[in-house]
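Order as written gives the chain letters A, B and C; numbering starts at 1 within each chain.
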């Protein structure tokens, strides 16, 4: 069943066609990867899907509902969450609070109960802290539960973003280069984490350069080049696609399972 | 009718030129450092007040003007060196408070070293108004306009055609690249304060014969200059000049045709209206934030 | 996790203790007067700190809201004979409404553009107060009747001191409540990364408007009370320099610290009193102090001092861990 449907989507910046006439479908409950060289438009695509940019043209349907023009927070309420290629951590907060922001939609957000500490706010807050701490442990950040985000290393911050995105209990989770900048063993842990997340029933959309990770984990791969679709299919199909081979020729990245 | 309109226009363009110089000063510093220097208006005040003081000390006008501008430039350089440089990486609010602290300090200094009185410089070339289509134009207004045009031309040449000027622009958009080409960003920062102080002081000298100068004259001039630079789009030099002229003319027209009591509010009403619809000013590039 | 709750009880009790003990050291009413004024400033700064320190949105125009409160009380009680508390409430509602109306378009702006817009708004308000002489008395200001309710009059520094003290504690409590709730966390998220806040489901426009209105209402109420206390209000009391003074109090005390805002307000209320002895050098010294504090403690007093105190044990822990 299709969860996300993109039709003839385009985004132009000045003269740059970052995304051009792109159509594809994302089915529920799988791991989908989007690959392509730097500047192919992957991040722009995420920004379009999550409402950060408005498309120049085209349609995006989430669960058969047209979502173009909705604000990111409205899309979050519909069940969409994401991480960022360039970390967007709340450095003015503790690690735990970062994840608690992810719980926002599931908490009591009214001003008056907060103002006078009514309606069991205090109890709900400690409950939220527990939940956030559980999520941190789930992504392997148990040791940082009491840390300030500003004192955490890069690799941990990448997971913190994942924990925050998961906190929203969304239906679709978009991960923009979660393994970028990580060493091989950290990458393997991210691999495992993504599988674990997928097992909880969340649809995962992954943008990643690490071909070993992508080829091994993805049920479906979409290849972008200059904002356009170059190919799509299973890992096997994509690897065998002559256009893809031509585009990646010489890099060797797409062929073997070991090049990373 | 026409005479009245022209009269307002003349006075609007004259103050507008002064605002434009202040706005240009804001933009030059902003371009080099992303700092808004709230002491910009005090440069204008210092230029005027120091000239007055030096003339009353017996110096001939041209020498007094020259020295006053140099003194202001020196203060501008010191200001950068002693307060902006050590605080370079602070937040926007912190920098705003530092420069406001500097403006309070400079006003206090002027009040102690000079005085708290109103002063008027003698006009450069007499005060016999020239009558144009029934409207009178003061010779000093012509001085202000010509002064602005000359200064702007020098700036255009400096930033467009000299190595140093181009380097200053480069450092704004890409500090790393500028450093790679062997330009010291610290010097550029100082230079930007020196230039802004010079523009401010000259503006102060030019308009002192028209609107009297005193130690607090820089407050409103600074705020309206800030208004003008934002109106045109921060860091945009043509925008600063356009913004200054628009604010000056709108103010004069508003005071003449609508309400002279609310003259000082006009600049701020305009800026609010413009920002509501154009959040980056008239000539500022809107741009999408990258994430 | 009880870390979140610790500043609450401990800090509130310390504040109560300070307020209760201070009068023992006051030789005369002048000291009470300065303390009361510090209290009013602190109340405004607590609200303003929610906006600037927590949500990261600068305002250089909050004295305008203060002025709206002060002049609402002054005009409605004097010209229309309204009871003070009604006038105060109407002033607060009107101020909140104005803040609400301008919040969305103004808070779309960022950085210096936001500074400009709020500065402009504040200046426009103070110019109106200057010019509408028939209503406001113009630049000379107007007198404000004392605060009365149910036939009782709040009069004299000694009584006002306790009224303001209780109010201050109440306002700190309210602010802490906001901060330690999903609302407060959303404000901090807006500061930390607007885009990350949005994709986490935080309606950033809504929260920015909300905190703008809250801070405006705090200012308005403090303005009303302050006007009744001093019995007089002039446009200069609520003009551009007052706005700057308020922001400086917040930043000096330490952004994103409610107690910092209170301390900043106290220091910058007392400091000018101390500096008057320097007569004409007063402004130079004041400007100098501002610059020095901001250069050497860019994060403000409270966070810088806490950082200094906490740094040692934290550094030792890191050593132990590695």
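Heads up, the rule we're going with is that a contact is a pair of C-beta atoms (placed from the backbone, for glycine too) under 8 Å apart; a residue touches a chain by one contact, two chains touch by 3 or more.
On a predicted model such as this, the values are computed, not experimentally measured, just so you know.
Undergrad: Most remote chain relative to chain C, going by C-alpha centroids?
TA: If we average the C-alpha coordinates per chain, A ends up farthest from chain C.
Undergrad: Point out which chain occupies the most central position, where each centre is the mean of Cα atoms.
TA: Centroid comparison flags C as closest.
Undergrad: Distance between chain B and chain C based on Cα centroids, please, to the nearest Å.
TA: Spacing between the chain centres: roughly 31 Å.
Undergrad: What is the distance in Å between the mean C-alpha positions of chain A and chain C?
TA: From the centre of chain A to the centre of chain C is 40 Å.
Undergrad: Can you compute the centre-to-centre distance for chain A and chain B, using the mean CA position of each chain? Integer Å is fine.
TA: About 48 Å separates the centre of chain A from that of chain B.
Undergrad: At least two other chains touched by the same residue of chain B: list those residues.
TA: If we look for residues of chain B contacting two or more partner chains, we find 291.
Undergrad: Scan chain C for residues touching two or more other chains and write them down.
TA: As it turns out, chain C has residues touching two or more other chains at 195.
Undergrad: Scan chain A for residues touching two or more other chains and write them down.
TA: 52, 84, 88
Undergrad: If we count contacts the way the header does, which residues on chain B are in touch with chain C in the complex?
TA: Touch list, chain B to chain C: 30, 36, 83, 86-87, 90-94, 96-98, 100-109, 111-112, 219, 223, 226-227, 230, 234, 261-262, 264-265, 267-269, 271-272, 275-276, 279-281, 289, 291.
Undergrad: Looking at the complex, which residues from chain A come into contact with chain C?
TA: Spelled out, the residues of chain A in touch with chain C are 50-52, 71-73, 75-77, 80-82, 84, 88-93, 96-97, 100-102, 104-105, 107-111, 113-117, 121-122, 125-126, 128-129, 133, 146, 161, 164-165, 167-168.
Undergrad: Where on chain C does chain A make contact in their complex?
TA: 1, 3-5, 56, 174, 177-178, 180-186, 188-189, 191-193, 195-204, 210, 256
Undergrad: Residue numbers of chain C touching chain B in their complex, please.
TA: Per the touch definition, chain C meets chain B at residues 52, 58, 60, 105-106, 108-113, 115-117, 119-121, 123-124, 127-128, 131, 195, 240, 244, 247-248, 251-252, 255, 280-291, 294-295, 298.
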